[in-house]
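Sharing a structure here in structure tokens format.
Order of writing sets the chain letters: A, B and C. Residues in each chain are counted from 1.
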Amino acid sequence: MHALVERLYPLCRSITGDGVRSTLDIVGESIPLEVTEVPTGTDVLDWTIPREWNIRDAYIKDATGRRVVDFAESNLHVVGYSVPVSATMSLAELRPHLHTLPDQPDLIPYRTSYYSETWGFCLAENTLKELPEGQYEVRIDSTLAPGHLTYGEHVIPGQVADEVLISCHVCHPSLANDNLAGIAVATALAQRIENPYYTYRFLIAPGTIGAITWLALNRERVDRVKHGIVLACAGDRGSLTYKRSRRGDAEIDRVFRHVLAGRDHTIVDFTPYGYDERQYCSPGFNLGVGSLTRTPYAGYPEYHTSADNPDFVSPEAMADTLETLWDAVGILERNRKYHNTSPYGEPQLGRRGLYGSLGGRSDTQQIQMAMLWVLNLSDGSHSLLDIAERSTLPFTVVADAAKALHGAGLVKE
Amino acid sequence: MHALVERLYPLCRSITGDGVRSTLDIVGESIPLEVTEVPTGTDVLDWTIPREWNIRDAYIKDATGRRVVDFAESNLHVVGYSVPVSATMSLAELRPHLHTLPDQPDLIPYRTSYYSETWGFCLAENTLKELPEGQYEVRIDSTLAPGHLTYGEHVIPGQVADEVLISCHVCHPSLANDNLAGIAVATALAQRIENPYYTYRFLIAPGTIGAITWLALNRERVDRVKHGIVLACAGDRGSLTYKRSRRGDAEIDRVFRHVLAGRDHTIVDFTPYGYDERQYCSPGFNLGVGSLTRTPYAGYPEYHTSADNPDFVSPEAMADTLETLWDAVGILERNRKYHNTSPYGEPQLGRRGLYGSLGGRSDTQQIQMAMLWVLNLSDGSHSLLDIAERSTLPFTVVADAAKALHGAGLVKE
Amino acid sequence: MHALVERLYPLCRSITGDGVRSTLDIVGESIPLEVTEVPTGTDVLDWTIPREWNIRDAYIKDATGRRVVDFAESNLHVVGYSVPVSATMSLAELRPHLHTLPDQPDLIPYRTSYYSETWGFCLAENTLKELPEGQYEVRIDSTLAPGHLTYGEHVIPGQVADEVLISCHVCHPSLANDNLAGIAVATALAQRIENPYYTYRFLIAPGTIGAITWLALNRERVDRVKHGIVLACAGDRGSLTYKRSRRGDAEIDRVFRHVLAGRDHTIVDFTPYGYDERQYCSPGFNLGVGSLTRTPYAGYPEYHTSADNPDFVSPEAMADTLETLWDAVGILERNRKYHNTSPYGEPQLGRRGLYGSLGGRSDTQQIQMAMLWVLNLSDGSHSLLDIAERSTLPFTVVADAAKALHGAGLVKE
């Protein structure tokens, strides 16, 4: 996963443009992607696909001709969606177009201006301080023109059409944790899932406008999404944070509460700010989509700066994120509600070979307790996860018990 | 407000009589009052308007002709609704008619006997102790005769007929905190409200029988009362206590929880004892009426004694009660449920001038967060107060956000 | 009660057989029992009545002819439902049929094998250790033959057909706390109840198969059981434990929470393991049946061993269990939901003689407060127990207040 982060890191992504296409090409080497191109001007929900932005070069040259700020060194140097500029101006004229982080003077900030035509450069405060007065040559070789918005999907068909959505944003340029780590973990998860019960849809799309576009183009089938996760900031060394869906008690929320119980973690309620859960959990859709991150957005000083580089993400952290997702998938896949077919009194487990035969002992095997719990609570209103939580038995033991009872005809779906 | 308390203090009020009328006259100088007179014998719910009680003088004279207990000194000296008496008797004969507070030997207690014909005097235990054996002349120059029960109302018409009721009892004689302070604060509040959304009804009526009479005479329109507060003990130096309505989660309960959150306060559940919330919250009416006091009834040693005098109430405490009520009114006035008109995905706030244009920053203005919250939760089931509590944003910011969104057509009522 | 435990202790009970019949005969001397005999082979819910088991003698003789294990000394020595055996074998051959408790080497364990044909002996680990190698004569003089399952019922007719079920298992041989103490306490409770409101049904039946048989034979009238208690382990010196019904908030659960509040106790949620609450609370029946024990099953080292003898149960503990049940019965009998017939405002209690006449005092008698609470909450949705818990007044005071109000026509059922 870390190698993928390093390979994707140099590309200059934005909400449109060739950086996104190159990223999807590289991810597509690991998992087949269906790529969708949506033309500029297309109406998507309350929004319109903007013009496509591409950039080849950008710099600020001082009076000696030296590039004091250079896009070739870091694509963060240019404000995303900057219109082309080619001019010479004094530092005072240039100053309103320069963005720095005075409190983190060595770092380059990340800034964009998608929907307001402007241009700008981002640079370290310390670099700015050293710029002498004088004339500067300013050049941004970008294009903002009719084109497309691009996103990619990888679908793993399941036994049912009901979907689990894993969504990652792809619009950030050279920022590793946000969100190349998310893309890398999602890719690894997609490679691991085989013959699932649910259909799994991995969506790699620009933030906000990309999710909105996907929702607009799939509006009639959005209700197939039964569960979902927005995956971001998946690689920093902080512990895991799960943000609940707007519903607050969707099955995905319950699943992550269960999976995270044994891990160092934080669970927070839904807020309408963050990543694309904002769109999936808008009140009209209100999907059962939560968000998994390690340290949440804006929660670490490297956030949206040049310090969010591949060194900032750790292979161990990405592996931990992946295993957590894998455990969640494991519960989603097996979680069902059953009906006890013999609900009056306990069925005689012994004659079906499901129970120890020598009575009077004060201990009972976990699997036998699990069978009693599944029988007792399988009235159509309790899922296996409910039963696991109520009984404090491990989910896998409860699911195994349900499988044995199902085999004996004592419960049915 | 304190001047009003001092001016009303000497009057001898009871559940009927001229003391109530004089009190309403004085309050009427500040806010216009519609005064209702209900004749003795009128059936009101399960009760009947009693005879009207008036008193001119009362005393106990010792053998030397000295007034050892004198109504002219304090109207608390006479048990409320005492029948006339004019007799000479020994101290032993008189003794069953004398009420003192042995544990507070310097204070005169407050006693009444509205519905059982008797007479009595209240005096300090220390006064009683000094009375020598001997004959005493006892006189109560009162009348108990057909007349009226009197109450006053001040109504501020609103945009809607739905009402907010502020109710104060007016039946206590020379007791300042209970309830002249409540009347004074209510009067000040009435003077401050202008062009409200709700119709505000201030009711100044005798306790129990007065509220019951008003309910009986307004039974068909009681359901206009959407919110209400029984205001009492509004001026002592203790912190505020809010007592929930019988419903427990009425909007008024939510409003006071929110308003009091930043203040030193106590919130208690409804009990069927206290002031006229007992009547408004009887199960047949079950109105959304809570009660606001500073120290609750019987919670301070001066309660129902001669120590509850104008010195006991403080101008600062009354001002604090008033400001709290004012904040509550401010929320009631603006609290609405809206519907997001663009509930699928987030609407594009930027092109409507409702959002900062430069992306990538990790901070977001409070008002912008409030707009996202209002959009996300305005599904018809969340009020602005719900949204403020859920988001932990100030109510006024949330209400301002809703106003901006309403102006842009993004939410509707 | 302790005398009954001692008298019943020596009998060799099992899920069928003469030991149960003798036990019911002895209990029947205190309370009349209707005894039901259900033939072997009868289908009961998912189960079938097994063959009846009886035993006359059993032993292991060593080479000298000495009985080293002797049923006559303790009926725990034989595994319940052992098939007949008469053989001579080496200790090595015998060994798989011997059950001991290595961690409690002086105690004889209790073991059964109802549904798997086998035989075995239970003995102290220390006895086993002293057995020399050699040949042993092994004999179990038992019969396993078509017969009956036996249970007994004692019914106290009430004013209504709705039933309170008190259920005790009777299938354990010489074990005192589990469950002779339960049977003794139930018997004493039955003797104390006179002219009840509910119909009380005491069921003394073998565990599991007995309860299942009773449910099968009474399936059409099971819904008459409105409340119930499975009573077991009623005599050890530990504090009381109440196990909630599967419903979790059944009236019986509320009653025991209230009754136990003033006692040293533990309340646990329902689990589908334990005593016959497993059957009554199976999802098809889902009755309001909880379980009362002192120390729960398997919670004390003497559980299911020869140390659970009459010395292990204390008369004081049984008396405490009985008084707790009696208090619970007292609440069940009086707990009702009333309707306030005068719900608009407070009714005038004074003119009905229900209220103190002298106003102004800051104290109010408990019974008067209880009347206000009953009036305020008697809207058909609050029971007297609800009102007692809400008001924190004693249940008996609330019930007395309701009685007074009912007498005055102010509430009705």
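Throughout what follows, a residue touches a chain if its C-beta (ideal position, glycine included) is under 8 Å from a C-beta of that chain, and two chains touch if they have at least 3 such contacts.
Chain identities (UniProt): A, B, C = Peptidase M28.
The model shown is predicted, which means the values in this text are computed figures rather than measured ones.
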**Request:** Note whether the interface between chain B (Peptidase M28) and chain C (Peptidase M28) is symmetric in residue numbering, meaning over half of all numbers used appear on both sides, and answer same or different.
**Result:** different
**Asked** How many degrees of rotation carry the C-alpha atoms of chain A (Peptidase M28) onto those of chain C (Peptidase M28), rounded to the nearest 5?
**Response** 120
**Request:** Give, as an integer number of Å, the spacing between the C-alpha centres of chain C (Peptidase M28) and chain B (Peptidase M28).
**Result:** 55
**Item:** Contacts with two or more other chains, residues of chain B (Peptidase M28) listed in rising order
**Value:** none
**Complete:** Per the touch rule, the chain B (Peptidase M28) residues reaching chain C (Peptidase M28) in their complex are 45-47, 80, 109-116, 208, 211-212, 215-216, 219, 246, 271-273, 278-279, 281-285, 297-298, 303-304
**Asked** For the complex, which residues does chain C (Peptidase M28) have touching chain B (Peptidase M28)?
**Response** 340, 342-348, 350-351, 357-364, 369, 372-373, 375-379, 391
